[in-house]
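Next up, some structures in structure tokens.
The same chain A turns up in both complexes below, where it pairs with chain B and then with chain C.
What follows is the complex of A and B.
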């Protein structure tokens, strides 16, 4: 489990080059390779393409025409409707409330979970005490537990402290389910730092907290970025916890999108629904496109969970 | 780690790990205990402490919907994991041929993984929507007799889910396997070439066994994803038509909410925990007896 991160982080062989033979010329083999990759790329891209063009068409054109054809008279009206006017049940204020709910959930949950996980990882790496590894073992086990097993006890727990169906409640839940992977991530990172660094700080008289805040925290920037990508996309994309724990007033965007699309009566407003879907996917997609290889590292980190 | 342990109990460290203690004990020990406990009671909505033995499990395994869910998770899991591994490895191998635009292709293959499974589910629901997606397109192109609407067909809907699962998961599998592939020692590759072993055989019989860690990671990641599959079902089929695409994770949540039968739900959830426990024990035993570190 602990060996995974380095395996994936290491990009490769001595010179970091791909395995394949250096192509001498255009051969049937090369054509085949590109054909396979391009057809695969089309398979991955077509749904996105269909969504984007559909969201730019009017309903008459959608019902009359070819799904794959470009819009004849592009309009951004579906996007405006999706954001401001589309109905979820009786409430017709578009997706924007859900978007702001998602922001209100994601920002604090990301900060709290990463803060706690970073401190916990530091304590486990440098200040381990008897029993700490047992706790850590249980936590890692938690990464494998199907959510359904602990959903009901957490409802009971949150009810007891009157936080069920509330913003703090859903933030706590995201922190709980983020902890196993994040602690693993931070613990492995700190364990990989030279122990001399810690010893030097101790010799200079730095306390537990001083060593953490002045030495370790600033050094953990790379792993924090990975954790940030992992958490922002994970929490933004969450549906299950949002629908159970957030309460109607705080439903995140994914829940609102799902309700909006599935409460349609009559002919579905494909254009608005697809605009709404793209808007919901936009935040993680932007993070993905901007962060590039960091995102892949985040996946590798998430894979540790597996 | 041992030399890092202080002999004196580090009070600050204990304070810093209070959240860890609360979570490890409160959620994963007490929480799972509570779930298992309630699975032996007759709780409906509010906690009841009347102990009724294995009656809930007996009832669960006599419920058709649950049996459907179990069958579905095997079909969905088996097909999507196998397809993702094969397709993912093919992509990884092809990506490894000194191709141009590797980064661009990687970005394309991986982007579905960045999005919510709700989004994936809705997208594929539309692609497979007979009035709108593939079917309507074929009609538009003149194939009036073409009919393809798997999501409306109880026996076919599960395969629609598999396609969405591949779309979402093949890219990640590719990324993990490609990283594994590039972690294989370059000397091995040269040796295989000197020995005149065909490229495809090197990939299949030499490189693949050497990247067991990456394969194990990809498989475990997929297994957990399959066991947890919920959002995709809710968005794409709503477990329908009828209950044709019911999955254990969806059924547990339905029991807790719509069907309002907590104890049944907890029996189902506890049942879901069993394969995880068995898997962990299997890995632990394998590690002990094979004496090799399996990355999982």
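What follows is the complex of A and C.
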């Protein structure tokens, strides 16, 4: 032992030379990346910040000038007004009717469209029936049809079955327009599952519906969450279909918001408009935050193979 | 002779003139196969030979184009898989991931509307046979590969079927587990005495498990026989080359028939007077291939007892632990033999080795069939 070179420790390693974890150093590139990220974050957060503080100020304070300053006497009156009293066109009962209209449109449309799409995707990927590929081709093609082209034919169609300007009418329209993307999503998900799973179910004697409900549907949680995010945000944010097909009584929140912002006489009520906009945007935001976590969890738990 | 094929008393699965094509490609052509009751039949062949396709046809998972399938005497050609009396075990296990082991086992019974007490009883019995009792409440994700495959076998077991179909069940397991489960499947067959049809590309599985092996190539059964006969009397060059590891040595040369038939290849003249020809040996001279298994070659003391022996240089030595494979040449053609691992072989060493041509196989060079 004593004959060893002095730089060698008893274990035989060379002291003073690279050993173990490589130290991280701060490079210019890294500083640049962080600077870029921080600037982008500020860029996207400032409008939200302005909206929130403006909605908490009174009108005199807003008109006084500084957009970025914090409210001196915070008030939630604009929020109450936006929800209950602001005028949307001729009605002055705030956004709340529009909110409930949107709920009445979104919830059934999301459930129906996802239900039909997952069933269609399942049938397309596992039951190779006659014309399956043609049907799928048509559906995919449907994803590329511009909405404007079919607006008027749909009006005629809905009028023929007496569903134009009605709640069922707008729900049907949303369901149909969700189909191409949703079916594509579900079909590709099911096509990625091992075909042997389907074979095993057939050998076990499960029927078309039993295979779907007991085996395929429980496995499709991750993709269902994706579809849910897509559909809720898509339908909630929709303006065009709502204003055309829903009818005045069922106008969704987005249409009401637009009416509110545009029917002000005199000085626009910036505080109320800001509050109303935040309320309208809140639903998709909440969906993102809540189901985003479920989404990740679903992918992690859905380990099919391993 | 023990080479007699043991005919099963009654056929459990019969396939008549089965043809299956995907578009213009004929995957299976006019295939006929009879599997006896309680028989363990292995379908063996390289990938793409149609063995899994045939199994899927028997299971009813693929619609056939022509022919008939009988299971337990019933024509099931148009029946759904569940009505055929079969259970199937897949390579990827195909367990339902969101169900516990117990639910996996009982799924088939639940959809069939079997009574709860019966289900519980059958699940208990299957889990005892397969020793998966402690795993019943677990999900497939929390099982090891071997445990998963056991559950997959259990799923077929609870349904009380006549015929078990295995589609490469051990291919996803590591070597050690594979040999363990192989023995377990054999034990299971001895206990249950069900008919089992087993698809594999692993010749060791085929040789160890099968009562009979059907060797397939391009959708055609090449040979259907006991493992012993497949190994010792392959009907053609394909079967001879496919079975055995290391593979059989093939020497190309000429066969001269007559009362004292001989095989000549280059400077080697190999007497065939004790070789058992299929029928009469062809008269005159024909191009032929002589196949000799590496394990049938003798060296050192054993050489003297062999009707043919020759000296050669050792070119490559592959120690396998249990034995050693050595590469040499006869008449300028590659020739391998297997030696005890205690024998120290060295590259460049000259060694005398010999074999008994009667244990070899002689094939027609053009028709590739056995002579």
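Note that in this section the second predicted complex is superposed on the first by the 258 of 306 C-alpha atoms of A that agree within 3 Å, B and C clash if a C-alpha of one lies under 4 Å from a C-alpha of the other, contacts with A are read in each partner's own complex, and residues count from 1 in each chain.
The working rule: contacts are C-beta pairs under 8 Å (C-beta built on N, C-alpha and C of every residue); 3 or more make two chains touch, one makes a residue touch a chain.
Being a predicted model, the structure only gives us computed values, none of them experimental.
Q: Taking the superposition on A as described, I'd like to know which of chain B and chain C A:76 touches: first, second, both or neither.
A: A:76 sits against neither chain B nor chain C.
Q: Output check: A:125 vs chain B and chain C. Expected answer is one of first, second, both, neither. What do you get?
A: In the superposed model, A:125 contacts chain B only, not chain C.
Q: Can A:194 be said to touch chain B (first), chain C (second), both, or neither?
A: Once the two structures are laid over each other on A, A:194 reaches chain C alone.
Q: Per the contact definition in the header, classify A:203: touching chain B only (first), chain C only (second), both, or neither.
A: second
Q: Looking only at contacts as defined up top, I'd like to know whether chain B or chain C touches more of chain A.
A: Touching more residues of chain A than the other partner does is B.
Q: Just checking: does A:218 make contact with chain B only, chain C only, both, or neither of them? Give me first, second, both or neither.
A: In the superposition, A:218 contacts chain C only.
Q: A:34 in the overlay: touching chain B, chain C, both, or neither? Say first, second, both or neither.
A: The answer is first: A:34 touches chain B but not chain C.
Q: Where on chain A do chain B and chain C both make contact?
A: Looking at chain A, the two contact sets intersect at 207, 302-303, 305-306.
Q: If we count contacts the way the header does, which residues on chain B are in touch with chain A in the complex?
A: 1, 3-6, 9-10, 12-14, 16-17, 19-21, 23-32, 34-35, 38, 47, 87, 90-91, 94-99, 102-103, 105-119, 122-124, 126-127, 132-134, 136-137, 140-141, 167, 171-172, 175-176, 179-186, 189, 199, 207, 213-214, 217-218, 220-224, 227-228, 230-231, 234-235, 238, 248-249, 252-253, 256, 262, 265-266, 268-270, 272-273, 276, 279-280, 293, 295-296
Q: Within the complex, which stretch of chain A touches chain B?
A: 1, 3-4, 7-8, 10-23, 30, 33-34, 36-37, 40-41, 43-48, 50-51, 54, 62, 65-68, 116, 119-120, 122-130, 132-133, 135-136, 138-139, 141-142, 144-154, 156-157, 176, 179, 183, 191, 195, 198, 207-209, 212, 233, 236-240, 244, 254, 257-258, 261-262, 268, 270, 273-274, 277, 280-281, 284-285, 287-289, 292, 295-296, 299-300, 302-303, 305-306
Q: Can you list the residues on chain A that touch chain C in the complex?
A: 194, 196-197, 199-207, 210, 214-215, 218-219, 302-306
Q: Using the touch definition up top, name the residues of chain C that touch chain A in the complex.
A: Touch list, chain C to chain A: 56, 59-61, 80-82, 86-88, 90-92, 94-98, 107-108, 111-112, 141, 155, 159, 167.
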